[in-house]
């Protein structure tokens, strides 16, 4: 069982009736229900909770963290962001969804502006599999479609992904690297583009499949924590060297 | 259960008493025994069998193929190599060990000379984990050692690996990219350096751990076979375009 | 001055009046004229010449080779392909254009099927820059358009490129990795998608800019040829080792 | 002419007689002299200058910035670090040397801890070329040696480099990824390991060659600044879409 925590800023749903109509219990609950059949032990957390629901205890009991945020990135406390970052360095997986591209944690992990083009026009998006050997594509066909989504277009200012898995085509003429994997420290990160709050994207079965695959891919492995800092030599260093520096 | 086929050219063991003393049943049997506790359904195949033991039926029932060859690369029939290549394109995993760097199948998949420096001096090798987030490093510490191995040194003439997992240090002064992953078609390939026939390398528990991890990582995913060739448009193409080409 | 050889199979132009009308002297001449202002010393070569115009002398005096082929891939002699491959290993740059994705030399270098989706419908292609730090994008804007082109769509069965530079959007609903770089041996390879023979693509200034940038990027560097094969140790190997193997 | 600014924290040289004996005018001056024959317009800057010598005017007139820091990373003002970061995003090249691995700017760009193993024992380092097609290796042989250096060992906690160029072997038994390239935004970054302040490393001709190659590689290209933010569609979006969202 993978211990999955789904974090959602949970703001649009409270103030925008259109969003509330689609996600009456919040995006986090829709995701929790959509992933309920998976071998995941799921909990949720939101911005308005104490420590945003991401206490040390929660983070230490999280194998993979899903992150959805949009309008309240600035309200996320830096201390919590630093704790999440440290957990990723130590092996926690992180799935960053859609507008999470501008979250503090994603920008900190990427080191770039993470900027992009965007447009809300309810247009069609078609996501193409470009790495059909990758476990994140398990169960997918050559492509899948979302009848209506917000457009995100290149240039997407991210480091070249370690693996590029999905590419989006948009009706209005743009393309986007929509499924990107990264290793950072001992953690694995998967950025997945779809999921604007005004469309029922997180009820789409292909979208849920990709997220479930991403969680499985990002789960930690039990590799020893690397040893850093001052190290004794493992081999004899020649007397000549020692003399010269003596 | 992953269906694993272990292929060995099985020539040194028959003619060199030193090798026979280490691997009396052949390298393939030593590997099969070393991996017996894993959730693998294991069979072996050797050069001297009909179709080198790699019939269409065997290949179609193989999830992951391990390849050990050295002195008889030239005796492997091109037809069989082509069949193995086609299976990799369709998703079969491939673990290429040690001197398999010069096998027909590895060179065909890499597109380069796969040449390197080498030396048989029974020297020490130390393998360092450089990607502690990778599932192939599961269960390893910061490094592991082999008291005696053949040296392989850079430059190793391969494409830059998709992921570099292990680096070797050699007593005689060289380094080597010893654990390298690739996606090719729908198949996953893992090259793992150690395993000269005159040393008991395939009884080493860290080596067996890496090979077992590699098999699990390389197992196929159930992604749809991509559709290639002439394709009807998925969107309406403007009359202007059609007129111009009419 | 970079020594550039432009190779063209030069068959469509001789038998298809539509192609002849666009490229009366052949695609190779159109490219030579389009690149005439660059600091390149240009020669051309075609399939119908002796050794396809790619004699040992020509190859040894070529820094970068451009390759355009389509209907006659099978007529290219294996010996010549092997010579080109060897030159790439030793540092010659290679620019593979459009339908050259199915050429013997590209498939040999990639190790995969290089298959893709395609359609001739005269539709619009828009190429987006996804790596604006890369020298191959010098002088480009955010994107450029070709009013009419053949469609190539994903999945494109290539190794993940070392660097992905351009992505195409097609009117009919597909996307494609249209600018891909690779290092193979000491050679650099750039695959660039556009250039179907029935459209005047190679007169487009953005297309010519990308090709010129690609040639400059792919020019060889004067790094020493790596030394391969049996190597003496650079450090003293311990007596213990020598004893054990003695 | 590439406009090169060499930044040095310039602290060890003032307080440690051993360092002062090797670099009497500071590491920055030694580098400036060692690179004087290159087609670079060189200036230097140090921590103790106003705005650490990195005013907006200086940064705007810098194509490539070399960074050497060690004991005073914490004294570098965050505002200056942010300005350097913004310039890298817009195309300025950055060469990070040795202990700069722990500088604020490098950690911000990498998004990881950038931690490693280390030891000061005056031991031998041998740097192997692993990408002999790369312009940063121009003029090098298969390897070069430094008789005495500080050891840096794996695991080096960085993102997998876009290109791995050099690997180090250390006498005491470790290996290290010593030459690593990255694209971030429109900027290019090259991390190069050698250069502990108590050894005369920056007088070594191979080291200077690598740094000069790195500067040339990292120089900006004149690609248009990407356009980000809200974007009008480039193609007509279907009435159906517009109705649904109306």
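Details
In order of appearance the chains are A, B, C and D, and numbering begins at 1 in each one.
One rule holds in what follows: contacts are C-beta pairs under 8 Å (C-beta built on N, C-alpha and C of every residue); 3 or more make two chains touch, one makes a residue touch a chain.
Here the structure is a predicted model, which means the values were calculated and not measured.
Of all residue numbers used at the contact between chain B and chain D, over half are used by both chains, marking a mostly same-residue interface. Set side by side, the interfaces A-B and B-C show unequal numbers of C-beta pairs in contact, with more at B-C.
One inter-chain figure worth recording: chain B and chain C are separated by 28 Å, centre to centre, where each centre is the mean of the chain's CA atoms. Centroid to centroid, with C-alpha atoms defining each point, chain B and chain D lie 35 Å apart. Between the Cα centres of chain A and chain B there is a gap of 31 Å. Contact with two or more other chains is made by residues 126, 129, 131-132, 142, 153, 155, 160, 162-163, 171, 173-174, 183-185, 226-227, 234-235 of chain D.
Only residues 91, 126, 129, 131-135, 137-142, 162-163, 171, 183-188, 221-227, 234-235 of chain A touch chain B when the two sit together in their complex. Chain B meets chain D in the complex at residues 126, 128-132, 142, 153-156, 160, 163-164, 167-170, 173-175, 177.
Per the touch definition, chain B reaches chain C in the complex via residues 89, 108-113, 115-124, 147-148, 151, 153, 155, 157, 159-160, 162, 171-174, 182-185, 226-235, 237-238, 241-242, 244-245.
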